[in-house]
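Presented below is the structure to which this report refers.
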Amino acid sequence: MPGCVMAEPERLLVMIGVIARLLTGLGHVAVGASSPVPAAAALVARELGGGRPTVSILGSESSNPFTDGGRELFDCAAQGRLDAFFLSGAQIDATGAVNLLGLGEPGRLRRRFMGSFGAPYLASLVPNVILFRTDHGVRTLVEKVDFVTAPGVDGRWLVTDRAVFRRAAGRLRLVSWHAGETPGTVRAATGFAFETAPGAGETPGLETAAAAELRGPVEAVLREVYPAFAAQLA
Amino acid sequence: MPGCVMAEPERLLVMIGVIARLLTGLGHVAVGASSPVPAAAALVARELGGGRPTVSILGSESSNPFTDGGRELFDCAAQGRLDAFFLSGAQIDATGAVNLLGLGEPGRLRRRFMGSFGAPYLASLVPNVILFRTDHGVRTLVEKVDFVTAPGVDGRWLVTDRAVFRRAAGRLRLVSWHAGETPGTVRAATGFAFETAPGAGETPGLETAAAAELRGPVEAVLREVYPAFAAQLA
Amino acid sequence: MTATPAELAGVIPDGATLALAPDYSGCSLATIRELIRRGARGLHLVGLPQLGLQADLLIAAGCVAGIETAAISLGELGLAPAFDRAWRAGDVTVTESTCPAIHAGLTAAEKGVSHLPLAGVIGSDLVGLRPDWRLGPDPFTGEPGLLVPAIRPDFLLFHAAVGDKAGNVWIGVRRELMLAAHAARRTLVTVEEITEQDLLSDDLWAAGTIPALYVERVARAPAGAAPVGLRGRYGPDRAWLAAYAEAAREPATCKAFIDAWLRDG
Amino acid sequence: MTATPAELAGVIPDGATLALAPDYSGCSLATIRELIRRGARGLHLVGLPQLGLQADLLIAAGCVAGIETAAISLGELGLAPAFDRAWRAGDVTVTESTCPAIHAGLTAAEKGVSHLPLAGVIGSDLVGLRPDWRLGPDPFTGEPGLLVPAIRPDFLLFHAAVGDKAGNVWIGVRRELMLAAHAARRTLVTVEEITEQDLLSDDLWAAGTIPALYVERVARAPAGAAPVGLRGRYGPDRAWLAAYAEAAREPATCKAFIDAWLRDG
């Protein structure tokens, strides 16, 4: 369960800060299953933005504006009314492709995860898809995924518990590394080769205002949808 | 407005009786726009059948079980969940085809009526489509319609204020004539040639029980949807 | 987010494609009046799936270039008189449709696809009036199949009972309005009242609510659906409607009737 | 029309295609228990669009031959353990899908057409796992297009808060259940309570109600969605779920856990 293998809490807070900043100014952000870190980040962005972006958390009763059933998120994306979504994967590769399905050859997997969810659809229809992993390592960040649940595109972000990447000219490049890491330690923990983006540096930490929101109104929502995660942050 | 050019009330009662009998034993009957006679007949059938068939009257607030918007009637028909529907037309021809759109050549009509409504769809998906006209005459019952809103099929019924027809071997045949008519008077008032079905005779009148329902619970519903028609029957 | 009907009318530019409900759904006559007042021109109306009084008034006032609809009428009162006159004069183009084809076109727009397959209809001469519909073998069954293109109106305009401060709008069972709000680029709504409650906070209300996500502006307009009426609130003004049906038969009496209506509101 | 969960389970024959909601929608654990008790075999499950505890229990009890779903899991508790074991052993076939493809397949069935076009998805290896999906140029745009076939389950089974004596069932905003009820041939429902009121007589309730027209049988089953919970009524029993997730990892402890659950209910 990719989104729930947890890094240390302080690393998660850095991730939440990075993602919340990426969401600033957007109109509508949705968060899918097994995505506690993006859920926290989206809620922080909403609180700091005075209610904008609108945040739709699947599986939440209190933070889900949809009233037309399970299809509405997908229809909404196809209408151009969803600005950002989040994807993780058992594997993420150098091109930003994600694999949610399993390991082995497509059609003859030797291990199967939960399934594709809406990733193959949302990845191609939502303008800002943010990739995330909370356990950056050589087995999760690979040169090439075994199964392409969704391919990558230039401009796509990957946020992990060690670093931030963005795709340019077909491959992910290192944009920043979190406190305690260096480009070297990130490289050693990553299963694909990468270049460092111009101007790369240390990832800014979670802002004080954001941290306050996270302890306040955001936590209440998280407790409903991701109780184990909320307990870890608290 | 085909359904609302009214015959004498006693002729309408005969029509209501005929149609109510055709609906006996069905599960779900829907009534579209501008169809007061079928609406009355369906409600009579429902009262006599102890609540069966379910009757859906479009435009009614009290007798419409649909909760998924305007599309539901059509989806319901496509699912095989609608057993009977009613169609009238500015013209009905010897093959049971109906024309709701207008007079003249298709694409260059010289007169236009209200439009096609759902007729082209429902006529092909609902097993029992009952045609009706309350002003049987040579200009409405024609050899060939100017515009085929919906083609006819064998087995289809036509109920008018003078007689009852049913299609066999590609053409409508006279099944019964109402009190006061004969096969000859019906023939003189009909714009297409027809044969008389074996066993044809006078149309039975509205049963006493049906008449009682019509004066009671049915009238209340009719007053909501078809106030002018309800006043005429009262 | 709240506005006035005149402001809503000001948002809709000349030449826009405007989806309107039939008389039994939610009709924003309050905004139609303002569209006529501001002298809107060249509108293309889409019936959901039919058109009624709103369309006939706009046509009478010269606001309309074309309509796409399964039908246009005044219901039990018969043909839409101003439309009938405009159609005979060739002043309004008609894209002939049938109810499920309009629902399918809106559903295609809702789902971001170019078209939807449509059951039935083949065998009707209607197909011959729609060169933009496609006939061909169904790729799964091999049977004759019909494909209809997406309908994505620039605007949806309707009237509902209740809206809230966030812009959520309760439509109850009038679900065709939700489909149309998903399909349309922009949705403008008038409501009887603006409630203090959050319509999405209680599932009983939320089940019949279009989220603010799809709603650009909401204006308060008490009795905004008069004279056609609003389900669960007030019925049609039958005397008004009969008087209009009579007056609208002739251009001079039609104009006088509408002028009086504009003055009264 | 009212029945018991055991009667509902008796209506579903071995080998049937059965659509089930994910844990956050409406889960009729009360009927799942009876399906296991009666030793159902060869079921083909369809996720709406995912599967959760209901599916894992049925798989653990040997009731399932195959699943079609966008995902199967125990949510925050991770992989569905009985499914995982059955999948490794080759005891359960998986028709891999993605949420919108399942919604599209059900929508095609709802509309009586063989297929629906689906946006997105092209570029995913998922397409290669579905020989029944069709790739080809979109007839309207010429761009690459994807068509997915209709999904028409034999049965839909779910749990809801309220039903009425006529068989109408209130689902609130869980509208995927209405889509599935339209698509499925037969719909079986358990409810917390059967109300005396007619759910269709008040628009506030009607807006979230599946009409009896689509519902074959309704059974009263208080707490029928426990242990996964029912929106607006009661939450999940997290201790039970964690205990199941642990016990279900091994066949022996899994069987003992389910046997105890059957005895308790």
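To keep things simple, chains are lettered A, B, C and D as they appear, and every chain counts its residues starting from 1.
Quick note on the criterion: contacts are C-beta pairs under 8 Å (C-beta built on N, C-alpha and C of every residue); 3 or more make two chains touch, one makes a residue touch a chain.
Being a predicted model, the structure only gives us computed values, none of them experimental.
Shared contact partners of chain A and chain D, listed by label: C.
The interface with the greater count of contacting C-beta pairs, when B-C is set against B-D, is B-C.
With centres taken as mean Cα positions, chain C sits 28 Å from chain B. For the pair chain A and chain C, the distance between C-alpha centroids works out to 41 Å. Distance between chain C and chain D, defined via averaged C-alpha coordinates, is recorded as 36 Å.
Shared interface positions of chain D, i.e. residues touching 2 or more other chains, are given as 107, 111-113, 118-119, 173, 175, 178, 206-208, 231-232. Within chain A, residues 66-68, 74, 77-78, 125 each touch two or more of the remaining chains. By the document's touch criterion, interfaces exist between A-C, A-D, B-C, B-D, C-D. Taken in their complex, chain C has these residues touching chain B: 24-25, 48-50, 69-73, 75-76, 78-79, 84, 87, 94, 96-101, 103, 107, 118-129, 173-179, 231-232, 238. Contacts from chain B toward chain D in the complex involve residues 28, 54, 65-68, 74-81, 125. Only residues 109-113, 168, 178, 182, 200, 206-214 of chain C touch chain A when the two sit together in their complex.
Those residues of chain A whose C-beta lies close enough to touch chain D in the complex are 1, 4, 33-34, 58-59, 61, 66-74, 77-78, 101, 106-107, 112-125, 147-151, 226-229. Listed in rising order, the residues of chain C touching chain D in the complex are 104, 107-108, 111-119, 134, 136, 138-141, 145, 147, 149, 171-173, 175, 203-208, 231-232.
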